[in-house]
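In what comes next, chain A is part of two complexes: it sits with chain B in the first one and with chain C in the second one.
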Partner chain A sequence: MEMCLTCSVLYAKTTLGSEGSLGIVTKVSILTPPKLSSVNVAFLACTDYLSCQKLLLEARRKLGEVLSAFEFLDEQAMDLALNHLEGVRNPLPPALHKFYVLIETTGSDEHSDREKLEAFLVHSMEEGLISDGVVAQDIQQASSVWNIREGIPEALMKAGAVYKYDLSIPVEKIYDLVEEMRNKLGHLARVVGYGHLGDGNLHLNISCPQYDDAVLAQIEPFVYEWTSKHHGSISAEHGLGLMKADKIFYSKSPAAVQLMASVKNLLDPNHVLNPYKVLPQSLSSP
Partner chain B sequence: MEMCLTCSVLYAKTTLGSEGSLGIVTKVSILTPPKLSSVNVAFLACTDYLSCQKLLLEARRKLGEVLSAFEFLDEQAMDLALNHLEGVRNPLPPALHKFYVLIETTGSDEHSDREKLEAFLVHSMEEGLISDGVVAQDIQQASSVWNIREGIPEALMKAGAVYKYDLSIPVEKIYDLVEEMRNKLGHLARVVGYGHLGDGNLHLNISCPQYDDAVLAQIEPFVYEWTSKHHGSISAEHGLGLMKADKIFYSKSPAAVQLMASVKNLLDPNHVLNPYKVLPQSLSSP
Partner chain C sequence: MKIMVAVKRVVDYAVKIRVKPDKTGVETQNVKMSMNPFCEIALEEALRIRESGLASEVVAVSVGPAQCVDTLRTGLAMGADRGIHVEFKDGLNPLSVAKVLRALVEAEKPGLLILGKQAIDDDCNQTGQMLAGLLKWPQGTFASKVTLDKEKQVATVDREVDGGIETVLLDLPAVITTDLRLNQPRYATLPNIMKAKSKVIKKYTPGDLNVEIKSDLEVLQVTEPPKRKAGVIVSSVDELIDKLQNEARVI
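Then we have the complex of A and B:
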């Protein structure tokens, strides 16, 4: 069992990353800590990616125990959300911001948590890490800020065709890939980067009016090779599933994949458990 | 890789719980969050075990985000520490307390963390959960409070022979086992209970002047059967290792153990990786 804290989704996985291909869940018992009562959300703007990184480090230091989300989106993602989603508006005054960061804190004491967050924002402003920022004043404002971040996949669907990649990459390299991809594609497509920066997770999305093999040829295998070269993973939180099973070698050595297949054969000799997933068909046939 | 936060020990395990029997670690990369600057320690007394449980629930609710340790010891453990360790004294005024709880908080803001802890203690006192308590005023007092808890294994060694069990049991049942064992053994031995209550972990220690097969026969297999019946684990944090490899069936079904042995054979066909550990010899021979 695994809980994605940023998405609030409960994943049932018999073995981490096996996507149910090593067993079935017959019974689940979840021990949950009491829900903490105080949630605060801030929406901030940064002028460059380096500032986002420094802000993350600072947030871990100053808000460590209450920090429950640290999400980033670039201006392209923000434009998409503003143009394609109903009722979404930028809570910050109009200005040219390259990056936005959503910070959520969760703790037990409204007063002291809010003081902590505000002191952190003042300090970050003084240090020049953020160029603007706002703290949601109530749950409605907090949820409308979350709507920007969570609405991006919907906005991308409305904007046309989209090629989606869910990568984990060392934090300091994350945005290099977005920029390289942007340079490579030029006017062919719009490259959008957002994700759970706190987890080193990039949602790289490439949006164009319609699906186009010429665009795809520019993206793949480049994106997989780039991620592999930088010791990242090509499936950060969503698993390899059906569509990316044959891409596993970008993240794992042949010996490791062979071992995974052997374990799979041992546990499921007839391949009845969630078949065709995770491992290439050549390795997982009975 | 696994970090025991209460013991501050870094365990290198290739697979959780495999004790190195499924592989060897060739390279380790550890991403550590910045150390938070504010640590507070309180030492509290409870009159019964139910109060310890309620206190834990309350601590999770009121101190959730800063709670970094919740340890308990019974009066027998305290007596041992006071009688056999040099320089250890009870920080609470003399009184008959059945249980002691050590709470540690770790956060980023000295002032607000301390306020939170003190408010929690006042509330717990009013609710009758604790009968007495003290907050360490400086790092020296904090470390002398930790010395009581961490000195218990040494005190047990000095007191004579000791039979040690490291169990995980549902929190509400933990102390039932200590009391049943105490009733069973009577004057034959001293039964001591302490551990990481926050993790459902009991260190059950049975102390007597010298090792005695008659005492051991009273303890085993009773302690294993009792733990198994209450859906606990007979190796909470220390693993089965060499001495308890044949006790694995108290925690796992024969089918599960057979699968573990098959995976072991697959990864290590010549049984050169940390041999004789975890699995019974009958299953793990080449």
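Then we have the complex of A and C:
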């Protein structure tokens, strides 16, 4: 979506991503390109996280402009999805693999896109980056594969209590956090990792039968400190909202937060726009 | 025993189809095409029979334009051993396809033919039956379960009929057409996609098989079904009775 910036450029760019705390969108004008008809989806198995990273690099190189999605999920995520989602089957039976990658290409030429994708996949398999994989043959198979990835949040919800963290971390470090968290929690909970690998985004989810303060104490503030230490963002795509407003300092310096508060005071002096969100309470009051 | 499976290239089942403005047919330009879902099921069943040791070879056949090769490649990627493409540009119909398949049967001599019960573009549900008629072979249509007995050379087929399930016993060779509940087709795995590249697709024209493609039917017009009218919420029983009496005229 391209934003029509005939209105004040600064204002428009500032309000996007402000979680409703700087302004409200009242009108949208959308210019849409035609939907490309050639969509291909592949679901692949990798033996370790390093392979997932290398695969991402190769996908960017070999698929280039037609690469439209690159998602990863780990064995625990897959296990949960298979056990808790309706009508979902394992595309790579019979065993579970350590890591799965979903690649989607979107382009204008069915034939050449398919050949490009298959050539890339065959090459990746020969290089040992992928241990197995399937390519969806029609839209229904493609949807089934996407349902696995997109159904993970639902599966987590059905499995019991879940602590969710949406983090931006340098790609090469993403899975280190998952493994450290797993070591820390041991039998207490199940640590699940998945996300938009192409964007350096990790959805870290900790699943246990019930909410438990002992578990929470092990997770926070460790996860925020870890992310901060590795120059990541504690809120990648889902925003800070109410729950993480006080945690903003893990990702932004006090000076940056002060600047944000100043902008907030300028645009919303009475603090009526989505109060208590994004900025810490102390800076939120007028 | 060799199994021959006929597969058709159709508009993907999940696509929202549109009628062309000139009403001559459905829009197929820039629209995703895939293997007919029932044909996928047919191929899956053939592969399972081969994997259980009751058949030695699965041959996938497609009749149609050049792009049918893509559909055959999908079949080969699923696991078919080889493919046959009978190239014909436009104007196919079930009887012509059945005649082409009969000619191929005479050349290939399969012990079993499996087809989808119907194609989702024309919904004819005729090719399998016509083919069985032409070959004078027994047929088990709308199969929801297939069991082969190699020794007795028979196939037991459960058929989905309006009243429930009918079970028939067919002497081989026979024609079976598949229904939805027969199986769930497999994904094409990468190793099989790689192997498929070196599998052979043999080309024929209808002329090579001494078949003349002709149609006794002419499509006059294709239109969308009439749009369903929105329901109306009535405010009282009297109003309901009035509408039933004077508008719907059913009482």
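By definition in this document, the second predicted complex is superposed on the first by the 270 of 286 C-alpha atoms of A that agree within 3 Å, B and C clash if a C-alpha of one lies under 4 Å from a C-alpha of the other, contacts with A are read in each partner's own complex, and residues count from 1 in each chain.
By our rule, contacts are C-beta pairs under 8 Å (C-beta built on N, C-alpha and C of every residue); 3 or more make two chains touch, one makes a residue touch a chain.
The model shown is predicted, which means the values in this text are computed figures rather than measured ones.
Once chain A of one complex is fitted onto chain A of the other, the partner contacts of A:I24 are absent, as it touches neither chain B nor chain C. Using the contact criterion defined above for the overlaid structures, shared-chain residue A:A256 touches neither chain B nor chain C, since it reaches no partner. When the shared chain is aligned, chain B comes close enough to touch A:K62, but chain C does not.
In the overlay built on the shared chain, the residue A:Q137 is in contact with chain C alone; chain B does not reach it.
Of the two partner chains placed by superposition, only chain B is touched by A:L267; chain C is not. In the superposed model, A:P33 lies in contact with chain B only, and not with chain C. Once chain A of one complex is fitted onto chain A of the other, the partner contacts of A:E118 are limited to chain C, with no touch recorded for chain B.
Chain contact summary for the complex, chain B toward chain A: residues 33-34, 36, 57, 60-66, 106-109, 112, 115-116, 259, 262-263, 266-267.
Only residues 37-39, 43-44, 89, 91-92, 110-111, 114, 118, 121-122, 125, 130, 132-141, 143 of chain A touch chain C when the two sit together in their complex. Interface residues of chain C, counted against chain A in their complex, comprise 12-15, 30-35, 37, 40, 70, 74, 77-78, 184, 187-191, 193-194.
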